[in-house]
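Chain IDs A, B, C and D follow the sequence of writing; residue 1 opens each chain.
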Amino acid sequence: MLNLDLFINGLIIGLFYALMAVGLTLIFGILKVVNFAHGEFYMVGAYTYTLAALKLGFDPWLALPLALAAGAAAGWLTERTLMRPLYAGYSSWGLMRDEYAVVVTFALSLLLINLVDKVVGPYPQRGPGLVDIPRMALGPIMLSGQKLVATGISLATIAGLALFLRYSFWGRQIRAVAQNRLGASLAGIDTTRASSLVFALSGALAALAGALLAPIINASPDVGAFPAIKSYVIVVLGGMGSMPGSIAASLALGVLESFGAVYISYDYRDTFGLVILMLVLIFRPQGLFGERGREV
Amino acid sequence: MSSSCLAVSNVSRAFGGLRAVDRVSFAIGRGELVGLIGPNGSGKTTLLNILSGQQRANAGEVRLEDEAIQGLKPERIAVRGLQRMFQLTRVFRRMSALDNLMTAGRALGLAYAGALVRAERLLEELTLARVRDLDAGQLSGGQQKLLEFGCCFMSSPKIALLDEPFAAVHPAMKETMAHFIRVRHADGQTFLVVSHDMPVIVELCPRTICMNAGAVIADGPTRTVLNERSVIEAYLGGETSTA
Amino acid sequence: MNTPSRQWRLAVAAAAAGLSIAAPAADPIKIGISIAQSPPGSVVQGTQVKDGLEIIKDRVNKAGGVLGRNIELVYEDNQGVPEKGRAATEKLITRDKVVAVTGGHQSSVCLAEIEVAKRYNVPYVNTNCWSDDVRKKEYPQVFNPGNYNSRVGLAMAETIAAMGVKRVIAFVENTDYGIGQAKAVAEALKQKAPNVEYKYETLDRAGKDFTPAVLPLRANPPDMILTMLLPPAAYIVMNQLYEQGVAPSAKTWLYDGAGIADYPDFWQNVKEAGKYMLEFGLYHPQMKTPKLGLEVAKTYQQRTKNEPNRLIFQAADSLLLIVDAIKQAKSTDPNAMIKALETMKFEGVRGEFRFSKEPGYKFHQWVDIPYVNYQLTEINQPVSKSLLVQAPGIPLAVGKLQKPAK
Amino acid sequence: MDSSARRMAIEFRLSLGLLALLALAPLAIDNPYWLGVLIVSMYFALLAAGWNLLAGYTGQFSMAPACFAMIGAYTTGLLAYHWKIAPALGIPASILAAGAIGAILGLIVLRLRGPYLALTTLSFAEIMRLVIGNSYGFTRGDLGLNVPGLLESRLAYYYVFVAVLAAAQGGLYLLLRSRAGLFLQAIRDDEIAAASRGVDVVLWKTVAFTLSTAVSGLAGALYAHFSQLVSPELGLISQTGLVICMVVIGGIGSLVGPLAGALLVYVSSEMLREAGGIQLIVFALLVILIARFFREGLWGLARRALGKAAA
């Protein structure tokens, strides 16, 4: 009974993690950099949804795609303005390539957090639910209508994404670039376009997560930090750049945390993932599920 | 042959099924200048990596002046006097040419003053004096090769392994390097030179070892080696265009 | 020869005199306010405190200020973070040269701030920090016209005893307030209801998802769940308790000890989860209030269109205390002000009291501060319409309490 | 005398100049508040110097400088809180603790580079912060720990920080102009090449980690006894972010850059406070622009300007 509850809840949380993580994974896949502003894409989504619905009086179901668009725009702009030097083989006497990516995305996250804090205010805001069912019984488990709908949408999105990457023209291009950027560009693939696309995609997914969770986790300028850290953990566990790996890792982490919180320690539940992340990076850099990740 | 400088016996290294280095044995006497040739993928670079400690051998033994060195970490091997130059140039891009040499010198235990004198002389010899204070990353490809080359000689090594030292180097610099090698060889410096550049090998190296498919297929005076059928076949089979 | 010089000297003297009179009249008395104006601090509390202070400031200045000088409030945002509170108080005292500090509404922050107030010997009026430890340090500079955990503990224990519940579980935030109150309740229960089985679980106040803490209760829910957290954590816990059908339910009461029902954003955040919640509070529109209090309440309603609440009154009293102290001391000298605060009989917006000098948690405390118990019986119910089950003069009547059908 | 040594000497003289200005500042500033601001900015300067040694000179892009300050602060804080141990012992203990943990972390992340290193150190920092923040019983969790002061007057604190900062800069200078300086930079540029030139990569990486974290630990301990309150706030990622901002703005991989950056960023942020807390927005923008266009930071720009002037 309890265990079933924990398991289902873990899976649901894990699904939300996955929305965050796949975007980060895609970016790492094709650029081999970690986007430290990923959590802020989530935040952008949460706010766009909440404000559009509360302040501009949009219907939540209209605010959702709006948030999606905002996230996509944020991702696309980030790639356009900040990531370009990475392709040219960024080298300088000050910063090296990887460090450049860390610094610049990290600064971007600082910027967005404080910008929103100034413009919208620090006051946490609760987004309206997509459906107004405070609680319902689904077989043995109880959950709110919002959670159910959010879960459904996340599932659909992730499935759709998988199909897109597998079968669509651009999906195949992205996978090609991820496997071998140089080779892809020699094969006449527009790698820059692919990168822009991936960033927009990743921004949109994070924003979607933010919007879906806005009624459950109130939107605040720093709300992105928590999902972001989870998705870093997942990307590593998933094997830096492996899509199925990161999805599996997301669900695993969700379940692990939900059980760990009850059976190991509630207070330290947020450290479980991080500890595993460190252990994995140290002993199995290719990740738990993924292919080899080159560390040096 | 206890007088040998470098003795390699039955060294093997396999990647999965592929035997990149297959029971390789040879010895290089003190003061020898030996060429190492072979088609692409014949295991030359893997062998060098094993000798300099970047990769481990699955089996076999490597002795540097009668001390076993296989399995040691690269820095230990370097300190013991085996210096190595990489096929893809490796210099410290954000340090001045001089500091590149100084690093090598200090790492090998020279004092500041001594290292500085030595470095200055090498810069002269290698015609790098003008770029002494430029960051290595700002040097031309050829100059970077010369610089890495110089780093091997901050304190005369027991043996210097040069992996494609002449590849994509301006003829003038190629000459500088060749001359440098000849002079050092005359003073009894030991070399193992990997190269595709047959003319240079012929001109430089009295003795040549040829590898194919991970194994040594010929070893002897350069001319005889180059005329052996197995060697020619290896090249014709291995790759069409040579040099 | 010396006539002009004498005249000159007189002139200077006059000028100097003029200045020395004019100068102090000109510059206002600065009072430092350290409140939370951004997360993780309770922004709602901070705002309410500010509203209360502003009302009194305007009243006092309209009436000609104190000692012929206006009062000026200097605000600092402590984000509900002890470290930030320490820095804020430090800045207010050393940079803005305030004569007193007040506004504190989160115990952990107060505990950090009183250290600074003591170091610089500046009067510190604690507006709303409930932790007993703020009193137990017995710092002469610190005065507490607000509520304290032992008081809540006793009050809640009495209610629990009267309701005759057997198993009680408390969710408390991991702060000096939350943990202090959980322990205070445990203490009080030992006397009032020794056979009640009581335990508490601390939750991270910045936490986003408390389901793992709530789920284990589904199998075997207790008779009552106490919540001693501030929003937003409090709202999230309530929603998840409701979502999992744990409380409020036919089996389990929900009893909040943090007095959050009068927050303007309460109903927007909890909706159904708030119905049937039993609430400990320090103010209820139906309880009798002094004339001054009623005026303040009126002004607040005009300004914000919100129902008045305890923080407005506590803030008002905090500032009034400081102003009266300056009046009585006839100066802003800290020691004189502290002396005045210790001795004077104070008539505030919530009644009359004198600070106790008893050691321990009663030190510099308004000991018999009034409180109420009430229940929210409808969604979006304003406190004024809620069901008052206990108030000063109204004995506890648990019989009136309502329970959900399922 | 080679050019890089000369360059380093110039940078060192400049940082001595800055330190001299700091030493003289109290003559002009008597307001304890602004003294406090300068003290905190020197705290950050220490963190910046330590992190710069690691990231700027050794290429180990750690995301944990603030975390080690927190470790240092809690070491002396907890010693004082639980066992009434005096700062005189507590501060050295902090240095040891931070240095030791740093050494271990250094060995752990030995093989990791770039994003992997960043992620591992970031997780380490978060774990530390979460553990300290949730171990209420031992550390009082997020509420922070009141610790005894070290000195009576603010001026005394001020000069302690000036002295420590000077010592740190001096030590850094001596270290970098010794062979260690060459080895660390060699490791930064190319580990494999460094090893094959005979540089003991493991040893020197660990040395860099240990020294850098020990400095952070010392900074944290001093700050703890200055503010007399220790809390997990010290170890927030955003604090590390601030340190990175300072170093990148000032000029990563230079002696004087991080020092100047720290003072500049923190003091100006205090001034921007009045402008309504836009400081972080400004700095974040500045960092992005600098990383994107002037990769050597303000000091790099200054040097180029000087170079032009000389030519």
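In the analysis below, contacts are C-beta pairs under 8 Å (C-beta built on N, C-alpha and C of every residue); 3 or more make two chains touch, one makes a residue touch a chain.
Being a predicted model, the structure only gives us computed values, none of them experimental.
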item	value
Other chains in touch with both chain C and chain D	A
Contacts common to chain A and chain C (chain labels)	D
Which of A-D and B-D has more C-beta contact pairs	A-D
Distance between chain centroids, defined by C-alpha means - chain B, chain D (Å)	42
For chain A paired with chain B, centre-to-centre distance based on mean C-alpha positions, whole Å	48
Averaged-CA centre spacing for the pair chain C and chain B, given as whole angstrom	78
Whole-Å gap between the CA centroids of chain A and chain D	31
Residue list for chain D, restricted to those that touch at least two other chains	134, 253
Chain C residues counted as touching two or more neighbouring chains	174, 202, 204
Multi-partner residues of chain A (at least 2 other chains)	93, 117, 267
Residue ranges of chain C touching chain D (in the complex, touch as defined)	81-84, 86-87, 90-91, 94-95, 108, 111-112, 115, 119, 174-176, 179, 202, 204-205
Complex interface listing, chain A residues touching chain D	28, 32-34, 36, 82, 85, 92-104, 106-108, 110-111, 113-115, 117-118, 225, 229, 232-233, 236, 240, 267-268, 270-271, 274-275, 277-278, 281-282, 285, 293, 295-296
For the chain D and chain B complex, residues of the former touching the latter	2-4, 179, 182-183, 185-186, 188-190, 192-201, 253
Complex interface listing, chain B residues touching chain D	52-54, 73-75, 78-79, 83-84, 86, 90-96, 98-99, 102-104, 106-108, 112, 116, 132-133, 148, 151
Complex contact set, residues of chain A against chain C	1-2, 5-6, 9, 13, 117, 122-124, 126, 134-135, 142-144, 147, 216-218, 220, 222, 226, 257-258, 261-262, 266-267, 269
